[in-house]
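Shown below is the structure under consideration.
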Amino acid sequence: MMTHLLPNTPLRGIIPPLVTPLLDNDTLDVEGLERLIERLIAGGVHGLFILGTTGEAQSISYQLRRQMIEETARINRGRLPLLVCISDTSITESLNLARLAEQQGADAVVSAPPYYYAPSQVELAEFYLDLAERLPLPLFLYNMPSHTKVSFDAATVRAIARHPRVIGFKDSSANAVYFQSVMTAMSDRPDFALLMGPEEITGEAVLMGAHGGINGGANMFPQLYVHLYEAAACGNLEELRRLQRIVMRISSTIYTVGRFGSSYLKGVKCALSLLGICNDHMAAPFYKFKEPERERVRQAIIDILKEKL
Amino acid sequence: MMTHLLPNTPLRGIIPPLVTPLLDNDTLDVEGLERLIERLIAGGVHGLFILGTTGEAQSISYQLRRQMIEETARINRGRLPLLVCISDTSITESLNLARLAEQQGADAVVSAPPYYYAPSQVELAEFYLDLAERLPLPLFLYNMPSHTKVSFDAATVRAIARHPRVIGFKDSSANAVYFQSVMTAMSDRPDFALLMGPEEITGEAVLMGAHGGINGGANMFPQLYVHLYEAAACGNLEELRRLQRIVMRISSTIYTVGRFGSSYLKGVKCALSLLGICNDHMAAPFYKFKEPERERVRQAIIDILKEKL
Amino acid sequence: MMTHLLPNTPLRGIIPPLVTPLLDNDTLDVEGLERLIERLIAGGVHGLFILGTTGEAQSISYQLRRQMIEETARINRGRLPLLVCISDTSITESLNLARLAEQQGADAVVSAPPYYYAPSQVELAEFYLDLAERLPLPLFLYNMPSHTKVSFDAATVRAIARHPRVIGFKDSSANAVYFQSVMTAMSDRPDFALLMGPEEITGEAVLMGAHGGINGGANMFPQLYVHLYEAAACGNLEELRRLQRIVMRISSTIYTVGRFGSSYLKGVKCALSLLGICNDHMAAPFYKFKEPERERVRQAIIDILKEKL
Amino acid sequence: MMTHLLPNTPLRGIIPPLVTPLLDNDTLDVEGLERLIERLIAGGVHGLFILGTTGEAQSISYQLRRQMIEETARINRGRLPLLVCISDTSITESLNLARLAEQQGADAVVSAPPYYYAPSQVELAEFYLDLAERLPLPLFLYNMPSHTKVSFDAATVRAIARHPRVIGFKDSSANAVYFQSVMTAMSDRPDFALLMGPEEITGEAVLMGAHGGINGGANMFPQLYVHLYEAAACGNLEELRRLQRIVMRISSTIYTVGRFGSSYLKGVKCALSLLGICNDHMAAPFYKFKEPERERVRQAIIDILKEKL
């Protein structure tokens, strides 16, 4: 299968990190996944990213991760670039997932650092150079220090990116000074994709030269984030600020309903259930919202849908 | 003395956090301070901010802090708004500094949370409402979690800002998602100033609606940061990106010469010494750069001065 | 197979967390494992604990983890209680490992919290009550906040321990105040085993009422740790202090040779290689010591072997 | 005045970190302080430690800190060794406090690292060697990483302790592995005092060779902690475990009544008020317990007083 990724050209746009729709802890909601993907494609997103943090990949079994790869590839039918997250604590298991991704026609893989033992920067560079050498697909690095306990130094990103198979970087640290430092370290590499995780700062990142966002909110409202990206990419500040206010309303309502660190994940899945897209079952150790949290998400959605997205 | 701060109007622009020029641990470099302030005023900055983190306030004695307030007020002669940081672990000592600031004609005070005991959000709100009530001057809140161990929740900022004496907020967390959440929480308060600490993200913050930056680099190159602010404030993206590249070159050279967390402070003071502005003595527990670090800063300055700032 | 664990009686003594001897990233050093286990049994240890942090479980593939369970069970031949660590981010994969452990005749399983997403205390309790209900073997909780990012509150331990299948707790936090608080919370449960991870404080923990230690150093010098435990258990303070000095010499030499957080793991494996027990290959993302680190470990071993262990 | 500290002999025993009794934020409760000190001396404690973390030193003004030194010295009349904590962010202010302490007849000073800017280990060593050189009294180092953000490496303690004026070390990290590593690093210095902060682990620390405890609970029940120390120092394990259970009951009741990190401080002051010793006013940013927290502390005290302390 031909890849969507062009040589020497960074991937651009909104690539939603898909939730993994579940009927129970071990059963994929395949129909929900179909509705989700069709909606994302209709909404104009620029790629699909599965088995990331929003996808609860670490919480589900390997069998389910494999099924998620297969079903997504089947439903996508090559319409959009498909990125598969292979983050694991074991390089062998990462490679196992990558091989399946390649067989299923994925365009690239994405990897956050091993998240049990914390490697040093030297070990991180060696790990990724070894991984890149053995991968059957291009690789995006994924910085997620709140979950992995380590952050790629800008110099480490630069060192790893010397490998020709390493084609981009996603930052979910929320630290914009850090992101600027990575952008600066990679400024002589116009082919290298710099993608922002948190949707709250995707607009400003794109204004300053980033290539796009891997934004969880796009599961719910794909058009909104596509328009936000477009407004930023063409420097339409007025429209960007209007859309940013809606993005922040989502962030300050749907993502903050619960008391715990998992509120964002629960909020997105709850909203998708309310929108009729997929089941809101959460894999252990998390549990879906009950009424009255659900009612608060419902009210937030009603308010948001009054806006021009 | 009349204040520069207009009612119901946020303070805008570049307000450099002045270094405290020292001859030794207990002696102010008064001539250096004069040169520094004249250069800042000539460079077009919009205010002066003293005794902040860049000013090593916590490392110097109270007598020296008082002298710094008096000398700065004397040199400034009311030409620019003067903000005095009164962060302390003791509310009584904060009030002592604030009274002197008021006597010397300062326009406002700035305060980061008590930094030995970590208060809860409830205690933080009570502390600041009590402080605001007793202050003789308007107050800016200062978020600096890397040094104080606590961060103002967006809701806490909103609660404290109900007090009429609380007129603005400076964020040095580097967490742009957090800053967006505070901007959103304060979106119905157009009179409330939202100022960015790290210069690396002042441009994007202003593009998204912030009012200015309290940028340490402006000690060295005031015009550069004023131009960066102006480019962002009027939406000139091309010029902003050009200036941002220079700001990032400063950040990735002058601020990263040493091995330790204090590299930024040492770099700024070393550069000011090389530029002939003031002495580079550092108060304990820090020590100034030796030659070869000094040589590296010198090279960085030479490169930066080739650019149009 | 009959279990070694007696009803209403806590497991006591030294239960070494076995290294996983490797020939390369995906190949078990079976002969090394045999030598290791025979040496541990000859050294008088009170149980075997596999696939823990010292066992690099998260770094190796599931196939290798399964082989490690099978080979250890085969070599052990039921001579000692066998504890299998099933820590995983996915409850389904934890249960898969537990079922194999049960089939192979293990006596109990051990589990640290999911280590990618950080659960709240409520979610932690629900997760473990669900896990315990579905497990085929008794369960020890494993507190390892440096790696999992979450710590069991003492009240959470108490809540989970109400399930009859939850029979003990291992603490590797190094926070002795915390361990005392858990001991206090469980003081009406004399059947519940309280085991210390770090060997540096196993002696004092046992003096204060803990039941034993899961000490990595016992891979190298099983007798030393057994004697330390016995001295503490019978209140022989003089002998305990003598042995403690040797334990601290190991800790301050073999475990601190390298620069990184993984020095302990590398030191233990390097020492085992020098002692002729097993290969010192480390699974990614870690790498074994090179000469000259190896030489420093060699010197440390020579010094330690001069002592009466 | 002759000092209580003997040459080449470590300070031993229970040295309570006194609360600072307050009538309001700026007024010392002098009568309360008198009752407190008399009770401590009657209870058999081995020294007095003022202006530490339990003493809310950072929250009160310098004038009040000076008054606290003067009043304590006056009340003590040289009966017990007096240690004055001079922790500050400014070395000049630390020296100011130390000079007053010396004039008032204190025996030694205690210092935790500067707590706004975080020094590196090299800077920490230079800071303390400079401080020691200029101090008029012997110095105890104070490790308190939860409040100062930095921890003394064991090697740094050893390096600083080469200065003849540095005579001991207090650890409040709660990390017993760390404390063992410092004890090991100082094992050739029998003259150097190793003191434990948290009372929950003072017993086991003394069993393993520490010289005493700086235990906040001794403000309330001095005899209990003196007996705990004596039981540990003479190896009476049975009595130690009995007393340890009472210490843990205090820790798990009086110190955990509130929701916030300051529960310990509030609990101790509330208990002292209920015991009729001193006022329970807390300096900003903290606030004293209200009924019903006060009622819970009352019940805890009643239970504890049923025991033989």
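We just call them A, B, C and D in the order they show up, numbering each chain from 1.
Note that contacts are C-beta pairs under 8 Å (C-beta built on N, C-alpha and C of every residue); 3 or more make two chains touch, one makes a residue touch a chain.
These numbers come from a predicted model, not from an experiment.
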Count of contact steps on the shortest path from subunit B to subunit C = 2
Most widely separated chain from subunit B, with each centre as the mean of CA atoms = C
Query = Turning subunit C onto subunit D with a C-alpha fit: angle in degrees, nearest 5?
reply = 180
Remark   = Here the gap between subunit A and subunit C, centre to centre from mean Cα coordinates and rounded to Å, is 36
Query = In whole angstrom, how far does the Cα centroid of subunit A sit from the Cα centroid of subunit D?
reply = 49
Query = Mind pulling the subunit A residues that touch 2 or more other chains?
reply = none
Query = Which pairs of chains touch each other?
reply = A-B, A-C, B-D, C-D
Inquiry  = Show me the residue ranges of subunit C that touch subunit D in the complex, using the header's touch definition.
reply    = 154, 174-178, 180-181, 183-185, 187, 198, 200-201, 203-205, 207-209, 235, 237, 241, 244-245, 248-249, 251-252
Key: For the subunit A and subunit C complex, residues of the former touching the latter   = 25-26, 53, 56, 58-62, 64, 89-93, 96, 113-120, 122-124, 126-127, 130, 147-149, 259-262, 265, 283-287
